[in-house]
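A, B, C, D, E and F label the chains in the order they appear, each numbered from 1.
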Amino acid sequence: MAKRTLALCRQAPYGSALAREGLEAVLAAAAMDQAPDLLLLRDGAFQLLGDQSPEGIGQKSLQRNLLALPMFGVERVYVCERSLMERGIDAKRIEIPGVKVELVLDTGSFIAAYDTVLSF
Amino acid sequence: MTLHIVSKSPYSSNALADCIGTFAEGDALLLIEDGVYALSGRMPEGIAVSPVYCLRADVEARGLTVPASIQAIDDGRWVQLCLEHNPIVSWFN
Amino acid sequence: MKFSLAVYSAPHSSQSAASALRFAQALLAQGHQLYRVFFYCDGVHNGSSIAAPPQDEFDLVGQWQALQRQHQLDLVICIAAAQRRGVLSEREAERLEKPAANLADGFELAGLGQLADAVANSDRLVTFGG
Amino acid sequence: MTLHIVSKSPYSSNALADCIGTFAEGDALLLIEDGVYALSGRMPEGIAVSPVYCLRADVEARGLTVPASIQAIDDGRWVQLCLEHNPIVSWFN
Amino acid sequence: MAKRTLALCRQAPYGSALAREGLEAVLAAAAMDQAPDLLLLRDGAFQLLGDQSPEGIGQKSLQRNLLALPMFGVERVYVCERSLMERGIDAKRIEIPGVKVELVLDTGSFIAAYDTVLSF
Amino acid sequence: MKFSLAVYSAPHSSQSAASALRFAQALLAQGHQLYRVFFYCDGVHNGSSIAAPPQDEFDLVGQWQALQRQHQLDLVICIAAAQRRGVLSEREAERLEKPAANLADGFELAGLGQLADAVANSDRLVTFGG
């Protein structure tokens, strides 16, 4: 049976490079047909906010990386429901064309079902 | 009158809480970088100090909106705030 | 069992690269296999040939190199993360027209695919970050 | 059954709280590096999960003492914990 | 009037280098007869714990840097009383030979009295 | 007014070095004086001559150099912090017997005393860390 791998992304974009480098690792694995599942937890949920315009701080938008996911065969992104709620993010307003956003309530048992977890 | 500059997300770091615990009468608070995530959800209600500023470029980068209780400023106004206050204390951990 | 490690932190600035080294030593001492150590994010600085900690401080780069020689370890540095942070092989320095190279012996530059490959080929992956 | 590894101080980072919020039946928690500051003050009472381990070398480095509810281990036992559990999740931010 | 400078040290030892590099900056300034005052706040209070033995993690004890303070003319260290209490550190058991440890209750007005604050 | 900045973060890994640059540009644009930028801790990587960010990413090292030329800025890198992290001048590389040097033009290595000196000679000091 194939191993199940999860990329657990907990960092908000732009303050540190980890959110970006995490998505880059996911895309690289997907390009090798080894796409991990992706769970956005805690501040990682901020990656889903619309209208990110980081030109004024000299960075590229991280949304481009999210938009690239379906091109690499990643058609589903998991996000922790409680993390969204705590941050005032309306799940209904999240849109990544070509990607289905699925809410996860019990993150503990969700994570425990994987063989390997990459933390970002 | 101290200018406190907070640059970490209040959801992942205690920098903002520590700063507020060290706030004195007449001080001002500026949110920059991931510190502007304090504008999200119910966080603004928890900021029991004033005045509170945030860098507009950092807010726009992250797709956040600015509540009425907080004033968005540009880099030039940031420099002005540093002239008007002394000392300047950065909270980044 | 087969382990791989992902290391995201530079020596010195944070303790976690030193923890990764200790964990690597402990698992090898128990006869387990270390399939790969993948250095990512600020972890790329573990492969700098020109870091010069004071004599009485821990020389993490040298310790990785010693462990590599002893166990023929696969110490892989993410080439994209390393370029951004200024860890270059001779070849990369030439290609990018940079004035110097600083990749330490025993480390290799390779793509992010090597992290996915490590995940696929190891029983356990432990991340050292922050 | 996940092994959670926490490496940040619970006074400055939410890593431990986030980890505990993601703990499932049968999981284990290991405190390393500044994560062992969770042994201080009244913090141990707040760790509502078990079993909890800590790295002895990190505890001794910092001059802390180990409460009865938490088990201090060496690096060899750390490797064993990683064999007994899967996946392994590191909480460093 | 001479400028008053404060080194505000908030990091616990060993997990990151900032506690050490903060003290090194204080000692360097003191060596130039420009010793700042030193306030240990939040996790910085952990620097005062006795019996630190970091040999097992390959580091030098930070207590050596604290012990060097009086040699450079720093004879007083301020520490936030609430930070000590929250961390279960007994103020009476703190001992740095040659250094007087003074508790600060109102850190806000304490800090506001300085011209410059170096954060570590 | 006279400002000095203390920068503790590397380019790329954290946003704060880029914030420091923007703040420096803003204060100079208002006609204030920038007495010194002191790079400490991981901030020493701001002076790496071999960092090679992708073409479409911000080149912070180059931006500091441009600002330095324009305003004759004093960009000082802590020599002790830089040694530990592998940022060396030609002279330091030779003295420490390291195979390469990577200190970018426009930056200078100096002791921690230069931070104390910046505090003494500036009206305002702003720290960029984390």
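Criterion: contacts are C-beta pairs under 8 Å (C-beta built on N, C-alpha and C of every residue); 3 or more make two chains touch, one makes a residue touch a chain.
In this text, all values refer to a predicted model and were calculated from it rather than measured experimentally.
Participant: Can you tell me the least number of steps between chain A and chain F, where a step is a move to a chain it touches?
Facilitator: Minimum step count, chain A to chain F: 1.
Participant: Shared touching chains for chain D and chain F?
Facilitator: Intersection of chain D and chain F contact lists gives A, B, C, E.
Participant: Hey, which chain ends up farthest from chain C, C-alpha centres compared?
Facilitator: B
Participant: Where in C-E, E-F or A-C does the A-F interface recur, with over half of the contact pairs identical by residue number?
Facilitator: The A-F interface is reproduced by C-E.
Participant: Would you kindly state whether over half or under half of the residue numbers at the chain B/chain D interface are used by both copies, giving same or different?
Facilitator: Over half shared, hence same.
Participant: Using only Cα atoms to place each chain's centre, name the chain farthest from chain F.
Facilitator: Relative to chain F, the chain whose C-alpha centre sits farthest away is D.
Participant: Quick one: chain A and chain D, Cα centre-to-centre, how many Å?
Facilitator: Each chain's C-alpha centroid was found; their separation is 26 Å.
Participant: What's the distance between the Cα centroids of chain C and chain E, rounded to whole Å?
Facilitator: 33
Participant: Where in chain D do residues touch two or more of the other chains?
Facilitator: Correct list: 7-8, 11-12, 14, 18, 33-34, 57, 86-88, 90, 92-93.
Participant: Taking each residue of chain F in turn, which ones touch at least two of the other chains?
Facilitator: Residues 8, 12-13, 15, 19, 22, 41, 57, 124-125, 127, 129.
Participant: Taking each residue of chain E in turn, which ones touch at least two of the other chains?
Facilitator: Residues 10-11, 14-18, 42, 57, 59, 116-117, 119 of chain E each touch two or more of the other chains.
Participant: Which pairs of chains touch one another in this structure?
Facilitator: So the chains that touch one another pair up as A-B, A-C, A-D, A-F, B-D, B-E, B-F, C-D, C-E, C-F, D-E, E-F.
Participant: Enumerate the contact residues on chain C facing chain D in the complex.
Facilitator: Answer in residue numbers: 1, 3, 8, 15-16, 19, 22-23, 25-27, 29-30, 32, 123-130.
Participant: Help me check something: in the complex, which residues belonging to chain D touch chain A?
Facilitator: It comes out as residues 1-2, 14, 18, 21-24, 26-27, 86-93.
Participant: Spell out the residues on chain E that touch chain C in their complex, using ranges where they run on.
Facilitator: Those in contact with chain C are residues 14-17, 57-60.
Participant: Given the complex with chain A, which residues does chain C contribute to the contact?
Facilitator: Residues in contact with chain A: 6, 8, 40-41, 80-81, 111-113, 115-117, 119-120, 122, 124-125, 127, 129.
Participant: In their complex, what parts of chain E are in touch with chain F?
Facilitator: Of all residues in chain E, those touching chain F are 3, 5, 17-18, 21, 24-25, 28-29, 31-32, 34, 36, 116-119.
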